[in-house]
Each structure stands twice: as C-alpha cells, then as structure tokens.
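Note sheet for the following structure.
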Amino acid sequence: QEPIKVGVLHSLSGTMAISETTLKDTVLMMVEAQNEKGGVLGRPLEAVVVDPASDWPLFAERTRQLLAQDEVDVIFGAWTSVSRKAMLPVLEELNGLLFYPVQYEGEESSKNIFYTGAAPNQQAIPAVDYLMNDLGIERWVLAGTDYVYPRTTNRILEAYLKDQGVADSDIMINYTPFSHSDWQSIVADISRFGSAGKATAVVSTINGDANVPFYRELGNQGISSLDIPVIAFSVGEEELSGIDSRPLVGHMAAWNYFQSVDTPANDAFIAQWHEFIGDTSRVTNDPMEATYIGFNMWVRAVEKAGTTDVDAVEQAMIGIETPNLSGGMAVMNKNHHLSKPVLIGEIQSDGQFQVVSETDELVPGDAWSDFLPGSRDLMSDWTAPVRCGNFNTVTETCSGQSN
Amino acid sequence: MSPGRIKAPDVSHKVILYIEALSVSFDGFKALNDLSLYINDGELRCLIGANGAGKTTLMDVITGKTRCDSGQVYFGQTVDLLKHDEAAIARLGIGRKFQKPTVFEALSVSENLELSLKTGKGVWFTLMAKLDSEQRDRIDAVLTTIGLSALRHKPAGVLSHGQKQWLEIGMLLVSDPRLMLIDEPVAGMTAQETEKTAELLTSLAGERTVVVVEHDMEFVRSIARTVTVLHQGSVLAEGTMDQVQNNPAVVEVYLGEES
Amino acid sequence: MIEIRQLSQRYGGSRILWDVDLKIEQGSCTCIMGRNGVGKTTLLKCLMGLLPIAAGEVLLDGKAIQHVAAHQRARMGLGFVPQGRDIFSTLTVEENLQIGLPCRRDGVKKIPERIFELFPVLAEMLHRRGGDLSGGQQQQLAIGRALVTDPKVLVLDEPNEGIQPNIVSQIGDVIMKLNAEGLTVVLVEQKLGFAKRVGSEFRLMEKGRVVASDSMAGLSDELIRRHLAV
Amino acid sequence: MLICCFVFRLAAAQQAPESEQSTVAANDNPLTPLLQELTDANLRRMPSLVSEIEQAGGRTVLPLFMALQDGALYYHSDSLELVERRESDGGRVTLTDVFDGDVLTDINADALEQVRINNRLRAVLQASVARIRLVHGNDAEREQAARIMLSDLDEDNLVLLNEAIADEQIPAVAAMINVALAMNVLVTDAPQTDRLAAVATLHGNLQGPVRNLLRSFLDELGRNEQDPEVRSAMASAMASIERKVRFYELMEQAFYGLSLGSVLLLAAIGLAVTFGVMGVINMAHGEMLMLGAYTTYVVQMLMPEFINYSLWVAIPTAFAVSGLVGMFIQRFVIRYLNGRPLETLLATFGISLILQQAVRTIFSPLNRLVVSPDWMSGSWDINPVLSLTNNRLFILLFSVIVFVILLWILRKTSLGLQVRAVSQNRDMAKAMGIRTDWVDAMTFGLGSGIAGIAGVALSQLTNVGPNLGQDYIIDSFMVVVFGGVGNLWGTLVGAFSLGVANKFMEPMTGAVLAKIITLVFIILFIQVRPKGLFPQKGRAAE
Amino acid sequence: MSQLGHAWGELRRGSNTITLFVVVLFTATVLASLSNLLLPENSALHVSTYTITLLGKYLCYAMLALAVDVIWGYCGILSLGHGAFFALGGYAMGMYLMRQIGDRGVYGNPDLPDFMVFLNWESLPWYWFGMDQLWFAMLMVGLVPGLLALVFGWLAFRSRVTGVYLSIMTQALTYALMLAFFRNEMGFGGNNGLTDFKEIAGFELSADSTRVGLFVITALLLGLVFVSSQLIMRSRLGRVLVSIRDSEARARFLGYRTDHFKVWLFVYSALIAALAGALYAPQVGIINPGEFSPVNSIEIVVWVAVGGRGTLYGAVVGAILVSYAKTRFTSLAPESWLFMLGALFVFVTVFLPKGLAGLLKKKQQSDSSGEDDRLKLTGGAGS
C-alpha cells in the first residue's frame, strides 16, 4: 500500500525549537498510533519531517518542498504567526493543507489552513471576563512581546475593556522585545501602577523565552498573585517546567486545555505521551491538545471523504467532531476554527494548573474579531454558497485571497 | 586629464619648509620641544641625533601623522601643513620613506610602484586609470635603480628586510615629490649598497629637496652639505659636517669618541 | 657548540636555504654576512625554531634540536635579538625585560642590574610602553631582553640598524665584553667595520648557501667584492 | 473512630497554649464540623468557611491557615484527617499535624488529597492571618499585620487596631498602627484638630495606602477635602511623600542600571579575555555562558537536597567545565588559526552551532529548571518604595569580585604578562621561552571558564536553554568594544555605563527604543573615539 | 568612450575567470529555465518550480556574498551587518509588492496593507507613498540602503574606525535596525514583515513563468554585478583597495584619501546587497526583520570564507554551496544538521584557510611550480 504522507514542519533548531520540537514529537506519536490502528483508508501514514530552523522564509521554502517535492497530503506545522503567514501564500498556490495548532491573533481564515489553537475570543476575552467578574479587577496591565499576536490581542482587549467602562488611565500597555531578559524596571512600573488602590491584574501575552526572567523578577520583587495576579496566554505547562513555580502560585493562565484536567481521555493521552517520549516527567500542553484534535479530525475527514484530496478533505472537515481531552467534543466550524471550552487555571507549586474557571459551553473560534473596526463586518464561511474566508457582510463581497 | 596636478609651493624666499617653535608631547613626555628648523628649496639636509631625539616624530608632524601641541609648519610661503591631512600633504608633493619599511605586502613590487606614481589619486581616476608608456618606462627605470626588476611580479610581502627598504625608496622615487623625507634609508644595507644610495640621493637634490635621517656617519659624511643635530626635541647644532663633528656637545651625546 | 647540517628551508613553493652547513665554535663571535635577501634572517629563524625546516639537522652542544620547540630552545640557552626588534609594544620596558625571567636556569626572579649597567637608558624608560621608544632605544631593549634569559648563545640579527653611532660602539663593546666572558655570539651584520671589530669568525652567504667561512682575519677584499658588493 | 482520633488531636492542640485556656469540650467543639467541611467544600463556600473557622478557633487555627495558604493542607481521603504536607527540595515528604507540628509517620501519604485553594481564598486567609497576628504575633508579624490592614480598614479591623494600640510596646509597631488609625480619622467625620493631627502623622509616610488616601483627598473627583487648612496640610504631606518617592525611585533606577550593568559585565568579561586580550573573535562565547548555566542545572540535579549550597558547587564546576571546553576548542581548532583573527570568527561560529545543538540533543530543546537558593530569593526592603532584589544584589557583588580576580590574574601573575606578549608577537614570545601553546590554552580556558561562572549567575536570572548564549553574545561584543578592546577597566566602565544609561532611558522610551538608542549611541560614540572608551595608547596602537 | 573600450579590452584580455563564470552561470540558467517551462512535469529532466525558486534564492545569496567579498576580501572591511542593506532592499521591494496587492487584501482596503488595517492605521504613512510605482520602489531599493551606507561609512571611515571596531559597529547597526523593524509602530508589519504578495509589474507571482523570469533576471544581474566587480578589482582602483587593506596609513601617505575609497566601496557593496534583497523578496515571498538579525549577517561572512575570500567566484560558490548544504541537511537530518554545518565551518577554516577557491588555486600552482623559483627570488639589490 502506498503510504499517505504527513508533513511535519516544526522548527527543530533556532529560537523556536524550544516550543516546536514537542509538537513534532506529538505528530510523530499520533502517526505511530494511527499506524498501529491500521493507518488511514487502509494505507499507512508516513511522516516527512523537515526543519525550518526558526527562519521564516525557510517555512515558505520548506512548505513548497513538502508540497511540490515530497507531495505530502497534509502538513502539521508552524507555531509563530509569522511562520504561518510565510507559509500561507505557498499553501494557497499549491493547494496544500495545514493544521495550525497554536493560539493566535485571529484575523485570518484561509481555505488551506485549519486553526486548531485558540482565537482571541477563545482565550483573551474569557480570561478578562473572569478577572473582572470573579476577582473584581479594575486596573489592567497589558504586557506583551512586541509582535503581532500580542499587539492584536491587546488591541482587542483594549477595545473590549473600554466597552466595559474601564478608563484609559486604568490601562497600561507595555511591549518588550523577544527574549527580553531585564524586567526590573517594567516589573517595578507594574508594581507602582498596581499600588494605586484599585485591584490590578496583568494580562500577559509575553512570549515563551521572556517569561522565565519575567516571573523570576515578579517573585523576587515580592509581587504575589494576591497583590497583582498575572494571567498569561502563552505560558503553559511546558514553559512552567523551566521555571521554579513555587513563587508563582496563584498566577493564572487561560487555555483550552490543562494537563491537570481529570478525564479518562486525558489520562490516556498523557500515558501515551510518556511512553512515546520515554520520560514521565514530560508535561503536556494546549498546543499538543490542538495538534491531537487536528490530527484526529483530519483522520476522520479523510475517512469521511474517502480520499486525501485536499478539496475533498477540506469540505469533509467542516462539521467534524472529535473528543477533546478536557471531556467534551471539539467541533470544526465553517470558518476553519474550532469550538472549544475555555479554561482558566491557577499555577500550582508543582508546575501544574488548577482549573478555577471553565466556560459552561463551547466557545466557537472567531476568525475576525468583533472588537476591531476593520474586521467587525468580516466573517468566514468555507461552505457553499459563501466559500470565503473574509466575507464582508455589509458589502456582501469576498475580498482578497479567495479570488 | 590630470586631476593630480597641484600648484607648486611658493618658494620665493628659497625656503621650502618652515618649522617654527614646534612642540609635541606624548602623555607629558616632550618628544619635540620648541623646535625651529628651515629647509631651503633644493637642499639636501641631513638630520641626525640620538635615538629618541624626535627625528621621526618631526617627520610625523610634517606629513600629518601626528598632531602637534604648538608651533607652525609651512610648506613654502603659503601652505600651512598643519591644516592638511596626510593625503593632502602627500598630494602637495611631500613624500616619505618610513623608518620601518612599510610596503603593500599583497601587491606585487611593480604594483606598489604603480600606486605611488604621481597621478590622480581620486576614486574615479583610479577606476579608469591605465598605465601609459611613459609611466611604464618610469616604473621600469626605478625597478632597475632599486635592483628589483627580477622580482617585479612577486608580492612585496615576500621581500627580505633590505629589499623592502629598496622598494620603499623606489616608491618615493616614482612619486617624484618636491620634498622627500627619508628616514634611515641605509639601515640594513651593505657598504656598497649604502654608497649606491648616497649617489642616488645626491643626484636627486637640487631639483628636489631631500631631508635624510641617518645614523650611518659614513653615509652622512658622503652626502651631507648641511647637517642638523637634534637633541631631546630641539636643535642642538647645525652646520657643515665638519663643524658638527667637532662640536663637543654633539660628540658627547651622539657620536662618541671614536668618530 | 652549534652545528647546522644540510639545512634546507622553503617558503611555500620557493626554496630559500640550500643545504646549509655551518659550525659555530663555543666562545666565538661569528658574523654571518651577505647581501640583502640571501637568507640570513631565514637561517637564524630556523636556528631559533621559528621557521619549520624542510630538511637537515641543527645541533646544540651535540644534541639534535631540530625537533625541539622554539620556547624550549630559548630555555636551552639560545637568546635572540631579531631584525626589526620585535618589541612587545604594549608592554612596558620593565615587562619586556621580565618576560625572559622564567627562562633563566638559575631561577633568578629579578631583572639583573647588569642589564641597566649595559643600557642605562632602559632604566630611565622602565615604565614606558616598549612600543613608544624610538628605534634605537628599542634595539637596546631587544638586546637587554635577550640577555635577561641568561643565554649561552646570543643570536643577533643586524643589531645596529638605526642606532646612533655612540650606541653602536657601545653595543659593540657590550658584545665583545660578553663574548670575552664566554658567551657565544652569532651575529648577522652588514657593516663591515663593525663586523671586523667584534667578530672572530665570518660566514658568507649567497643565494641561500654558505659560500665561505673562515676566521675574521681571512675575510679578503676578494671575498668582499665577490659576495658583498652590489 | 478515626474522626475521634482527629478530634482528640485537635483538642490537645488547643490545650497547648497556656495563655488561652480552651474551655471547649472535645465533643461539642464548634470547630469540628467546620474543619470537616473544609475537606469537601467547593471554592465558593471556602471564604465564608474560613471566616467561620477563624471565629471559632481564634489563634489556634493560625497553623492551619498558614498551611492552607501555602497549599500544604491535605486530608486523608478516608479518615478526612487534616495534615500538613511539606516537600523538601529533594522531594522528601514530611507529614505533620496541623496544630501541634508533630511529625506523623502512621499516615499513608498516597491517600492524601489537597485542600484546594484559589486566589480569592488566599486573600481571605491573608486578612484572617493578619487579624490573628495583630494580637498574637511577634513584633515583626504584628507590624506586618498592621501594614496589611492599612488597605482594609473595616470595622472589625479598627476594633482590633484600637485594642492593639492600647498595650503595644514596640514603637515601630505602634507607629504602623497609628498610621492606620490616622487614616481612619481622615475618612471619618472627625473634628479639624484631629484631622490635622492625623495628617501630621501621615506626613512623609511612604506606605502606598497612605499615598492613595491623601491623593484621593486632594483629587477633586475623589474625596476632595473641603477644609482649606486640612487640605493644605494634606498637600504638604503629599508633597513630602512625593519628594521622597522621587528620590527613592531615582535610587531604584540607579540600582537597576548597575544591576543590568553587572549582567553585561559578567557576560562580557570572559570575552574581554578571549577577544580583548587574545584577539579571537569568539562567537562561541555565548555558548560558554550557556554551558555554565547548564552546569548549574546538572549540579542542582545531583544535589537536590542541598539547593541552598548548589551554587557554591556550581561556580567552580562551571569554571572547570567551560574552561575545559574552551581549552579543548583552543587546542583543536583555534590553535591552527594563529595570526588569522578573522577566521576565528568563522570557526567559533561553527562551534557555537555545534554546542547549541549538542545541548539540544542532550538536554532537550526545552528550558531547564534552575532553582534559586533561598538566600538569593526575595528582596531587601529598605522602605515601602525602595527594595532591592537579593539575586540582583548578589550578582552585582559577584560580578565585581570576578572582575577583581580576573584583573589580578592578568596583572599580577606571569600568565597575564605572557598572554599579552603572545598576543602581540607570537614568534618573539616563543623566542623568549614562553610556551605559547600552553599560554594560549590557559588563557582561552580562563576566558571561557569565567564565561562559565557568568553562566551560573545568568541561570539565576533567565532561561537556561539552548538559546541562552545567543541572547548575550551581541551585547557582550558591544560592551567590550565600547569599553576599548584589550582594556578590562573599559569593559567594567562600559558595562555599567551602558546598563545605567539603558535603565534611565527605559521609563521614557520603553525597553525596545531604549535598546535601539543605546546601540545608536554606541555607533556614534565610536565615531568620536574610534578605539572605545579606553583606547590602547601609544605608537603601536596606530 | 575610451574607457568603455578599455573596459572591454580588460574583459577580453585573458579574463578567463570572468568568461568561465559568465558562461557557466548562463548555461545553467538557460537550461534550468527551459526545462522548467518546456519539459513536461513528469519528465526526468524537468526542473520543478520549487527548484527554480530555490536556485533564485541561492543566486540572491550569491550576490549578497559577492557584496561582502568586495569589501572584506579586497579592502579588509569586515561587515557583520550587511544583512541590513539586503533587508532594506528587500523591504523596499516588499513595500512595492504590498501596494500591488491593492484591494485583494483580506480587508479589501485599496490603500492600506492588511497589517495596517487591523492595527487601526488611519492612512498610509508618508514613507509608503510612491511605493506603488515600480520605478520609484526600485529607486528606493538603491537610495535607502545607499544613503545609509553613505552616512554610516562616511562617519565611520572618516573617524578611522577600523578592524573589529568597525565590524562590531556594523553589527550594532543591523541589530538596531532589526529591533526597530520589529516595532509595529514603524509601519513595516512588525515581526511578520511583509508577505502575501500577489503580483509584480502585472505578472502573477505564483505563475511559473514569472518565477522563471525572476530567476533569469537574478542570474543576469548577478552576472552583471560579477563582471563589474571583477573589472573594478582589476583596475588600479582595485589595487588601491588592496593597498588600503594591507596598510591604510601607508596608502594615505601616498596621497590616497582612503576614507573616500572606503566609503565609495562600502556604498557600492551596499547597493549590491540591496539589489540582492530586492530580488530575494518576491522570490521567497516574505521579507521580515529576521533578515536584519546579526546571525544572518555572520552567515554571509561564512559563505565568503568558505568559498574563499578575495576571489569573487569563491564568494559566489561559497554562498551557493553552503545554502545548498543547509537545504539538504535540514531535510536529510533535521535533528543534527547543525552539527554538520558547524563541523563544515570548522573544517573549512582549519584545513582550507583560503576557502574552496584557495584549494583550487593551490592545485593549479602545484601543477605548474618548478625549482626555478629560486632564480626569481634571490635577485638581491642591484647587480
């Protein structure tokens, strides 16, 4: 039987290897497990792993290589938005299929990409709601790494907070470069901002590497979750495994999945992961779950379509439901985004999260934010008759890449 | 096309180089101390003086390499050398041979000479420049004079110490300067080569002005008309070779008993 | 004391030394002479171990040393004053002198006073950077530096280049004095007068070969004309 | 019954303190059902439950609250007995009785479940603990309790404060309580004289709540004090506070600057040796830092019980590891590049790639967890607005010590002299009997080893991951060049001045722009002083 | 006129490296292009568009390496920041390509690129004006990096910043630019940079013919830059540059204003780099601040060193070879390619000090060297 080729396009070297290597392993694990179950459509799966080396143009080149040279049927890959943006034109040109497993800023919907991570409305907005309603936060620090995901998320949050009646003077926005390591003055500023007598929280979109020194500085300056809680969107179990989490107990993160979620599916997944990676101290995290969901959905869709043909699979994907690890079912919507539950967890001293809040219903991922003027009127629907990733509901036209 | 041409210095008062009250110090150490010196046009002047007297430093100031603390240096009546940088001074027609031979090691011997030619030195000029036959002849002639014809295509880096000395002299010759400052030309040369150099320098004087620094007294004697003795940064004595040689102060600090 | 047998040397493709044979007697002062570029410096560097040799043997006190590292040769008693002085320019005069101390076989850890007696100017300039000295001062420093190592053989490459006359004669005196005290001297020298004054032996080189060797008295005008004249 | 046994223990615990004789009989102790409820209450019920426990138990529940606050309160899944479960650095678990602190050995740790806690509960606990401590705590605890109450002046607390001031002996504690009371005077309708006296008490007080309160009185949209006399007193009190705050903020900024400088210094100082003195453009320098940091990680892995001492082991080990790797690199690569400094850039760049990938392969690409020892955590609180973090303080001190030692080695040992000689003229150095090979290897080893030590310090500040080196290499080169290649003092001054400049700019420009401005400044500065702050002088340098 | 003739003469006279280089380059280009366009896709000789794009990228890198070699190999100016000029050229071209998207962006805004729309930019910043015209964009491709090089070079060379100081300053320059371009406020798309290009000068970028066209243009320009650089290096100007490399002070005493030469060369080199960047952006499909990263610039230097600095063809060969190795290694051995690449660099420096070109030269030399060298060498003075 000719194998079905699965492209794996995660950075194994360079700055992003820190996060992406795990996802490569996750895909390999899923492929292996699927092959044990007899493959897909009776054909074995074969993973084609390449290393784009955290170099964005290389993502485009490798995508082209996977699609044109290796002729893979699907790609699981990318972490940063810029790498996805670099891949996108190639995917559309060569009609490839990408599963993108990381929370991102939204404002995109391509026929060739399925977004299994959270859109801002599946992470940021529920998190702020929780802080505002349950913790009575009145003053906000929006701290992020200076790139498009934090920028967009914070812009959305700013608009949202103002909608909720928060004054300008009660919002502080701060951006730092990638891998920023000297947080002394910023943390001191936050501390000062938070000592004005109003309950203050930090909404952090600080990216991976910069978090360790950030949290260390928080701990050392004695800012506890009681004084100024921090809720992060990019800090998961994997990031915490590199930080001494004892001083961070009580700070929070918002995700669609936590390793600590107590479900049979999750227990099985964790066991499978530990066995595959051969290290029981390795943790799982949200992008892994997103990869897991994406992979299972793709398998289901291929089986449903009876072929790996991209157009057929793309259509078959919509409406597919597979179990997520936190207990419910994840649904793929017409806009290529998932409906998922949103969880808020507090950091525990063992580096795990304790879920303190969970949305009652699944939150459908929103490709276009309702809080940005440019995208308020846009919607995405890849089913007939709209078949458009950015359909303007006012002018009733589809602009851009879908032409 | 000759963008390299530069007005000749005004030597109406016969003096081509005025040095007045020149002082240079390094970290408080006075290398030149209120030194005054006048060089006539067409003269062959020998500059002697103890090691460390400031001879090389003087040349450094004249050629723009070292900034002085105070004093004046004029080329002819009008050109204030202190206001020019090295390249401009070189273009004015002041050439120099260094005490420690410095040649362009990666370039061949003849290319070293080609670059020293007295022509335009601008970017565009050199981009378009081509050797004309006159220049070619000139380089050949100089190569013969300095005895490096056979090595013309060798990179200058492989030359021995003495050969580099000759090449430096060659570079000076080919650039045809108005004023030549020559620092220790015969160091490391055999007696015969020294003689040959003496002849060469004597023949150059007259049309050009030559200032030679040298410790080889025989050599100095063989070329000198006027000798200036520097000591601790100022002029100790000046005169003919004989006068200088019999000056007890000079004997004391420089020549020693046996000369 | 020193014997060189069938020494050959090449720079890349071109051969500089051709089967050089050379003997230097204990306590002699041997002048190596020859035109520019005949290979004198190259020969000395081969002797010091600073250049790899292509073939041949170098013996010091009957022991083959061609495979001994340069720093070992220095410790075995070869003191070197190179052409162009090669002062450590950012080191002070004092440091330049101190560098040689560990080489001494007698374990003395202080710069011997003797050096400053020979070259008083060094005492004056003790704390100035070596590179700032004038050429002549550097030359004296270079000789002083070599003497600090308490060598058995002093190898000098044109030590008078650029030195004021009274110092030249002083250096000559120093060399003769040291020689008289039993130090073996190997001297490359272009100036005939000086060579004749201090040297006891001469070796003439031409195109990478030793073409004549004799005691200084045997240096005839004929030889000079043939091998040294331009 | 197991519950009986538990209750018995509780009763015994309540008997223990002499000052407060418990009159509650074991059987009708109102605490018992509450404590039992603790084991299965949901998080919404918890806050009120905690208050009830506080009411019922008074000071006896303090250890319980402390354990709960730390997430160390567990219960046995069958017996529902409450125990305190603590884990040492090495992972050894100790179970103790919540009330008397006795070590319990007869309980199966696997059957324990944690009493869950969240932030809201922590806040409630903090207030409860403060209330208990205000009365029963030691001096420091009482002062802190009063301070916590500053931002929470409800009636209960005021009663407690008023009681407490009556027999408070310690001036510092009394002062803090008085501040709280004075704040209360201001917010109640007290007569003018009282209010003026209260303002006088608050004059120049740096506590955050005091400032906030005064600000709100001066704010027209806030409480907006009407009485002009009181208002002007408040204004002057506020002005004096703000003057002090500004001063301390300046101090704080200077400290941040020095501390950033110390990190730059540590990162650069090894490079000042390999690059500055030896002239090797060492692109693998960052990886030497990285190796030092990973060494710290490995050391901590090997001695989990002694985290507090791990750094003292890590420092020499890191020096040895990075130093040996450096010597290895020198012996097998750089040695062949003598006299070709620019080529060393190429080779060391290759080596840096190899080393990065090597740790990725060995330790995984993930960041490694390096723990701070207790003595490096926390901060030195000088006053409410100025506190210096301990780890930064230690690193600042450490960087200076490393600098002094290095300076001593290069100035006072023969190695220092020899390396300078070798880097200037290798052949001549050989001719002077110097073992140039050995000197090169030792010096490169020294520079690398120091980088390793710096890595230990960095492991206390930032990620220990394969990219660690890359984050510091450019800054290191910048510092060395800015200070003047070959001059250690230059590196010192360069590092500290860049650090301070950066930190003084940051509040105005933000971190990114501050960094850009610093870079542009360095570029322009080098135009003015082409050889850095402390150029090598003399003829040879030309 | 006569100069042209002179140049032509230079070109013909024994310039076999030039001829060889040009012939090889063009044969390869023509063959690759034709086989992509004419041969059916399943033919064994068909060159895929993927390969064409890859080759196009390599040629851009080759041009960039050439730019570095011109200053480093011939004038001893080691720039660790040449990626800056490359990236600026790329950005200028990228801005043009962004403007060409017009209202086909996801928000359908005819004036503002997408990233500006969703970050709420009201209008196009002034520096974006005119970038919708190819000629203007091309002007900017040269002007902006050229001016930057001029200002930086003028400042640095006039103050005699040399050696590692200069190298580190160029690194600071590109690093500062990287941080600046990362900032979203700059209006260049922040970390994402510029991407999702649609067409260039009216041609669909995704069409094979456009890709081949870009590839051919790149090859042509590389050839042109190579020939012109080769001519410069063979002129007296080239020798002056080498003399500056050997001893700048001495060159000054000969009357050369070495700072002028260096500034001129630096600008020339920056222009080549910018041109390479401008060709790179449309072929790769994205330009972002990562191109400014100092590591990228170091890699360029590595290409040159591997190929052999001081020989232009060496730089070209080095760039292509190392990039090819990287491409191969990252797919053949994704987990360990860095070991191989790192080892390659170490190997080349230790065993091939003059790079691959040096290896070639050595072979030639050892074939033709004889014992008669000594005659030339021991001439001595006079005779």
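Here are some notes:
Lettered A, B, C, D and E in written order, each chain numbered from 1.
The definition used in the following text is that contacts are C-beta pairs under 8 Å (C-beta built on N, C-alpha and C of every residue); 3 or more make two chains touch, one makes a residue touch a chain.
Chain identities (UniProt): B = Urea ABC transporter ATP-binding protein UrtD; C = Urea ABC transporter ATP-binding subunit UrtE; D = Urea ABC transporter permease subunit UrtB; E = Urea ABC transporter permease subunit UrtC.
Quick caveat, the model's predicted, so the values are computed rather than measured.
By the document's definition of touch, common neighbours of chain B and chain D comprise C, E.
Counting hops only between chains that touch, chain B reaches chain E in a minimum of 1.
Relative to the C-alpha centre of chain B, the farthest chain centre belongs to A.
Note: the chain lying farthest from chain E is C, by mean C-alpha position.
If each chain is reduced to the average of its C-alpha atoms, the one that sits nearest the average of all protein C-alpha atoms is E. Note: centroid distance chain B to chain C, computed from Cα atoms, is 30 Å.
Distance between chain centres (mean CA atoms), chain D to chain E: 46 Å. Per-chain Cα centroids separate chain A from chain D by 30 Å. Centroids built from CA atoms put chain E at 51 Å from chain C.
The set of chain D residues touching two or more other chains comprises 356-357, 470, 512, 515, 537-538, 542. Residue positions 12-13, 146, 177 of chain A each touch two or more of the other chains. Residue positions of chain B with contacts to 2 or more other chains are 26, 65, 147, 158, 162-163, 166, 189, 193, 196.
Chain A makes touch with chain E in their complex at residues 12-13, 49-53, 55-58, 60-62, 64-65, 68-69, 80-82, 85-86, 88-90, 93, 107-108, 146-148, 151-152, 155, 177-178, 372-375, 378, 389-390, 392, 395, 397, 399-401, 403. Across the interface of their complex, chain A is touched by residues 43, 71, 116, 118-120, 122-123, 126, 151, 208-209, 211-213, 216, 252-253, 256, 259-260, 263, 356-357, 360, 364-372, 377-379, 381, 387, 389-392, 460-467, 470-471, 503, 506-507, 510-512, 515 of chain D. Touching chain D in their complex are the following residues of chain E: 78, 152, 155-156, 158-162, 164-165, 167-169, 171-173, 175-176, 179-180, 182-183, 249, 294-295, 298, 301-302, 305-306, 335-336, 338-339, 341-346, 348-350, 353. Note for the complex: chain A touches chain D at residues 12-13, 15, 17-18, 21-22, 134-135, 146, 174-177, 179-182, 184-186, 188-189, 195-197, 209, 212-213, 216-217, 219-222, 225-226, 229, 238-239, 241-244, 247, 249-250, 252, 346, 348-349, 354, 356. Put simply, chain D touches chain E in their complex at residues 275, 281, 283, 333, 336-337, 340-347, 349-354, 356-358, 361, 470, 474, 477-478, 481, 485, 512-513, 515-516, 519-520, 522-524, 526-528, 530-532, 542.
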